[in-house]
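Both complexes shown next keep chain A, but they swap its partner, so chain B is in the first and chain C is in the second.
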Partner chain A sequence: MTSPVAPAPSAHRVEGLPSAAPGDASKRGPSRRAPWWLWVAAGLVLIPITLPIAALVVRVVGASEQALSILFDARTLELLVRSTLLTALVTAAAIVVGVGAAWITVRTDLAGRSVWAVLVALPLVIPSYVIALSFLSATGPRGLVARITGAELPVLDGLAGAWLALTLSTFPYVFLIVAAALRRIDPALEDAARGLGAPPFRVFRTVTLPQLRPAIGAGALLVALYTLSDFGAVSLMRFDTFTRVIYAQYAGRLDRTPAAVLSVALIVIALVIIWREERTRGSATYFSRRPNRTATPRHLGPLGRVSTTAALSFIVIAGLILPMAVLVSWVVEGSRLDAGVPVDWAAVGGSLLGSSLAAVAAMAAAIPVVVLTVRYRSRVSGWLERSVFVAFSLPHITVAIAVVFFSVRYLGPLYQSLTVLVVVYASVFLAQATGSAKASMLQVDPAVEEASRGLGRGLWRTLRSITIPLIRPGLLAGGALVFLTTMKELPATLLLRPTGFDTLAVDIWSAANELLYAQAASSALVLLAISAVPMYLLVLRQKAGSL
Partner chain B sequence: MSPTPAISCRDLAKRYDGLPALDGFDLTVERGAIVSLLGPSGCGKTTALRVIAGFEPADAGTVIVGDRIVFGDGVDVAADKRRVGMVFQDYALFPHMTVARNVAYGLDSRNPSGRVGDVLDLVGLSGVGERMPHELSGGEQQRVALARALAPEPEIVLLDEPFSNLDAPQRNRMRREVRRILTDAAATALFVTHDQEEALAIADTVAVMRDGAVVQGGTPSDVYSRPADPWIASFIGDSVFLEGTAGLGGTVTTSLGTLAVAADEPGPVRVMVRPEWIIPTPDLTGDSVVIDREYFGHDQMLLIERPDGSTVTCRVGPRPTLRTGDRVSLSIDEAVVYPGA
Partner chain C sequence: MHRLTILVIAFAFGVAACSGSPESSDTVTVYSGRSEELIAPLIEQYEEQSGVDVSVRYGDSAELAATILEEGDRSPASVFLAQDPASLGAVALANLFTELPQELLSSVPERFSDRDGNWVGVSGRARTVVYDTVALSANDLPTTEDGLVDPQWTGRVGIAPTNGSFLAFVAAKILLDGEAATLDWLKGMQANESPTYAKNSTIVGAVVDGQAETGLVNHYYVLRALAEDPDAAAANYFFPEASAGSLIMPSGAGILIGSDAQDAAADFIAFLLSPGAQEYFAQETFEYPLVPGIEPFGVLPPLDAIPTPDIDLSDLAPMLDLATDLVAEAGLL
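Right, the complex of A and B next:
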């Protein structure tokens, strides 16, 4: 549950096109400068992440001799190969599954298509490490299957396990983006191709697919970024990628330079993907004009009906039903054999506290950013929005490493305090708050704010009495998203949490590492149950909005 | 010595991406006047309003509101300190506030309730104070917007295409209503519109704008019957242009006869007549023929062919005294002369 709900910094570029006649200024934002205090507020929002990362880079460059020897070490190159391999495999599989499911649910007359569309997207709410936990705890000598039936399945871990777990938790990105694009494609083009004598598959390959390419590309880059950044699933699956090794180096060594060097390397790789993604995103919106009518759904014969149903069922079972069933069985099994599975209330409290504080902080921080990017469009405010997005897209473990180094050296008493943790949560997930608040802000007619100015209220009072009340729904939805995402956050929490501060995510991860599967499953179910509340509110809001 | 005008703009200039939106814009609005700023779309009239209100800075020039320079000479008073009210094209009512809170917004919070009631009475909306803006019709929203702008008693109320969102019958009613409200409130108002009929009907003074500057100002009848140049003549109302020659002694000779109007100097001129200034008389020996007729109910337009093959249109009363094919002779009542091309 990350990037699709994040803002698309370039998606609104069309607004910059010269449209109105030069004298008709009514649809143009005010050309006045933003007040200084807005810039200061927005600057403060960026500092918690940019400063530590800059310090990290300086530190690595300062130790360049050691840095180079670490970078060109055979083990580092092996890491690069493993990370790249996993990313490529997951991305390819996510494209196949996502595009296939999108086509079935949008373009065929399969019964219950809209229900399938929801079910297929649902694995998005399950953190990748929970899916990994369910596979690990079901297989192997100590797995659920062995425990119940006595028959031992080979343990599903390593590359295969990470591949499967990450594919299931990321393909919904491709699915959602491609399904939306499929709905926007003008069916007249496909009809024209059919009319010129092309058989259905050729139409799909030569007309439909090329139009879907930007959407597939955008989805694929998201999946790639997610996979590269993932820490929980690969670490439980014991598959050494950058993130897992960075954590091991950090946790297990006195010399922390290797962790710093590898973090900077991972940041660079991620930046390349983010840069590519930003560019594709711009072109993906090229197809966003609405067609006059929707395509006629393709009629499925009996064979088609059975095979598409089987394919969708497989996805839903593997990504949703099986993981849930395994978790529930563990809790049942645990309470039957052992002395019961207690809910870790300290972890529940920690999760709720951290996530609520993060949501509130992110909502507050989103206000200056959104006002600047919507009302005072300029090159600088464009960069501001972009940096918020980059902060969101960077692997959390690298951000956490940077903040750890920075706070140890410069913040003294704040090191491993709840304050630092909440500030990092809020700045990393800020993009979710700004994305949804921006959507609200774009609907606020600037004339309403000007009316307030004309009636004698200054900028600050206008902001307080007009703008903020009007964007409140968007802000709150953004806050709910930040809450959801913070609940699931693992690597930054592991590195930055105060001693004795526990969250459900940390609890799941450490219990699974110690093979205490019943305990991990219980925390995972509590996590999913708590996440369901804001999730439900967000879905309700979307429904209300689409009416 | 006349009293201080409500606003006065001097030599305002403003460019967008190098394209001029205002260029030598001068305008003075006297206290209590209702002025319309009329021009084709893209002529800079909305920019002028926004610069006066303080939503956008001009590149050069001066804006004076009352006796205070609000822009120019290094001064740039913020929009909220200018005492200029604005009625926006889409009304821009605060959607999250009741009508009463909308109207009270610009008042000091000390004791607004009396004033809110007074202003709502003035616009004919007593009793809707607790309703939300979206529960009102377009015309009612317009009244609320006007009430909100009038409540703090600004030096001037600016109205940006105020009737463009209303349908035709509502528009005519609101036009009269807004004029009544402004007059009752003894307010000064500056309208922006591209609709010449609206501009002539509502204002005491019309300022015609072209390419970022005011090119003519005057009473509606002045602007209509004495347009300062051929462009204004064609922009406002229907016009017929004739070629003519100015002679000595205040006469101009045209294909429709010799007219007793003065030209600046002898030589070729262009003569502008309004269709209702041309009077066709039924005349069996006349040299012109009615070739087409458009009937509008309150009047009709006749298309008349001249012996040289050219045509002119003239507006006559609704009675069907002339029909297609009738011979007529033409005379001209009134004319405006411009230097020849």
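Right, the complex of A and C next:
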């Protein structure tokens, strides 16, 4: 499962980048109305997702009798309970781990804090299904541990396996947001409490924690949304949540109405969380002012140093080192036994082609959206931005099912084509491109554009010659992000790929399902290696401070 | 900027070029419910000998059948190659197959193809019980699957309730014994705490590893495990009495009505029924060849010696979703 909620749009705001006040642009520029073609272009961007989902809803409403009996079936209720249970457990654990790690790396004098902060956030780049694969393939009678040592561990799957895999791949969201918040809290209140004699834990509980609540809430909702949408980890761990059952119904039944009904139900649940998330996000920004001074790091005694180091090591080992070690060992083990584990070049090619096309398409689509939301701020452009974010947050399995139904009926020769797949990729990940491009756009002084317009250039030519070159760094960074997430995307690829089109994500998933762990591990390592390139470029960019 | 524009335009053209290639007469699109591992070598052989490009979409048989039902006569597929008669029957029921040429239908015994000529069986797969030869002997096993709900088998019989061939077996049981008896049997298996697995191969793996004693599977998974490790303590048990548990299910193929490549599709199916391909099924995948005159793999009893229940395979399809519902109702999903 790719991250439906990668940090792009929200993290920017929470981290309080120089996001100019919303009113800025309109105050400075003379109020003009956006040309019609800009609106048409932006509207087109929304169609690939909204139209199929509307058609899906119509289909479900059309079969309302069957739909109602499915919705009120005891098994659907069970599904709801299981999905809710997993989401709650993962969210709770992610909060504990994320807040704990944030506090240690921001508020103590632990040696090497900045290195720890990077290491702890790294599991974010490993897809949840790869973490799931590493745990599954290490345990059980056919697992790596049993093969190497002969001692057999009980297989780690089901609720426990899904919980662990998803906690490890989502807690960095909480960590990043809470760490950013911790840095911005004014320490004066905490100092006052301490001065009045409150013990450290009480200060944390009664003074620090309440101030962190909005940040924790924002992180928790991201984690909840991710868990609810995750398909790869739960399906490999064989834990029946909505996404896994939707796929099972889709793949195993001749009648596809149940899959459609459950998809609509899941969309509704996701929309509720997205709506809550949006409201929290607004309030999470209230501490984004710079404090007058930073908090004095808490001095750790020897015991504190040992225990915090142990805690962070545990996180890094479980979320990063162990999975990588398992993957590498499988490849070694595979090449020792068989003639070697071949790299699936067709899948590498498919991944690269799909991801780069998606990145280019998303960058192109981001331009009208960003221009409208920054330069022509209005209620409608606010809705446009919101829709882009909603498309980003919907569970991909539901989007894919809607698009399959829609394209087979109405898209003729485009059905099962690479075009449809790429357009879906670009539409669901558009928010990453717009988020990053918007940050660049906000730094462009509208006066430059006005000057160009004043000298007689139309909006189109001004865009081409002034605006787009100026926002290009942000646009390209957004494209790199889209590339990264598309590489990891699983459910939409599984359902929408053209005949004969293979990607690394699909390869990992199907090989893991067939228990061909060496093959799955080799594809997973290739996937991580390819992802490292754009990841590295993005990190470099952020370091250079050009964002 | 210009580079970006060029990139975007190149993108548009590239995508158009990639997607807009309609099936030419030299291409056959196959939806294969049989796994790539098993069927790809055969397809390569066909491509080499005929010069035809075969483009294959792999998936679960039921998934591909449902996809074809969704696609209707606009399906891009020419051939549907499925693991079980129920998936083929579903497509036949929707009138999406063309009638096969008589010479294809008559190359296999009548009971292994559709009565209306919509699809033809390609290879045979017998339902069997895999058992651990150390813990059990064939005499310990009952004469039909009904004996397995006896409490003495508690926790000892592995099943793969979501697997296509298990569901086809359940569909056959509904036809033979009725809905109520089938539900009772499934509930009995659930009450016996029969361990559930994802697929046949994992059941056989569990028996080979000594994790499970017996399990309901297709016959060739056991032979495959034995080919990997001749000393593995596992064997097939064929129920001596005709029941759903001794069903022989052919994998089969049909030609889709919307295909522009009807002749090429028929040629591909003829290849699957040729001696070379039938030999491949016998020796490489350990299935039963269905064309008379080709011998099955050494240790297998001849096809005619297996007592089979008297059902028309074309009747399985309408029972498939009911089978899924019963399995779910019994709490086995």
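Everything below uses one rule, namely that the second predicted complex is superposed on the first by the 515 of 547 C-alpha atoms of A that agree within 3 Å, B and C clash if a C-alpha of one lies under 4 Å from a C-alpha of the other, contacts with A are read in each partner's own complex, and residues count from 1 in each chain.
Here is the rule we go by: a residue touches a chain if its C-beta (ideal position, glycine included) is under 8 Å from a C-beta of that chain, and two chains touch if they have at least 3 such contacts.
The model shown is predicted, which means the values in this text are computed figures rather than measured ones.
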Partner chain(s) touched by A:Y173 [first = chain B, second = chain C, both, neither]: neither
First (chain B), second (chain C), both or neither touched by A:P469: both
A:R142 touches, of chain B and chain C: first, second, both or neither? second
Which superposed partner A:W103 touches (first chain B, second chain C, both, neither): neither
Which of chain B and chain C A:F231 touches, first, second, both or neither: neither
Partner touching more residues of chain A, whether chain B or chain C: C
First, second, both or neither for A:Q416, with chain B first and chain C second: second
Touched partner set for A:F406, first chain B, second chain C, both or neither: neither
Touching partner for A:W116 - first (chain B), second (chain C), both, neither: neither
Partner chain in contact with A:R453 - chain B first, chain C second, else both or neither: first
Chain A residues contacted in one complex by chain B, in the other by chain C: 465, 469
Touch list for chain A against partner chain C, complex: 75, 141-142, 238, 240, 248, 250-256, 357, 360-361, 363-364, 404-405, 408, 412-420, 422, 464-465, 468-469, 472, 498-500, 513-515
Interface residues, chain C side, partner chain A - complex: 1, 4, 7-8, 11, 14-16, 18-20, 22, 29, 37, 55-57, 59-60, 62-63, 65-66, 69-71, 74, 76, 90, 162, 164, 167, 198, 201-202, 205-206, 209, 211, 317, 320-321, 324, 328, 333
Chain B residues within the chain A interface of the complex: 16-17, 19-21, 41-47, 50, 53-57, 78-86, 88-90, 92-96, 105-106, 145, 148-149, 152, 160, 212
Residues of chain A that touch chain B when the two form their complex: 18, 21-26, 28, 30-32, 445, 447-448, 450-458, 462, 465-466, 469-470
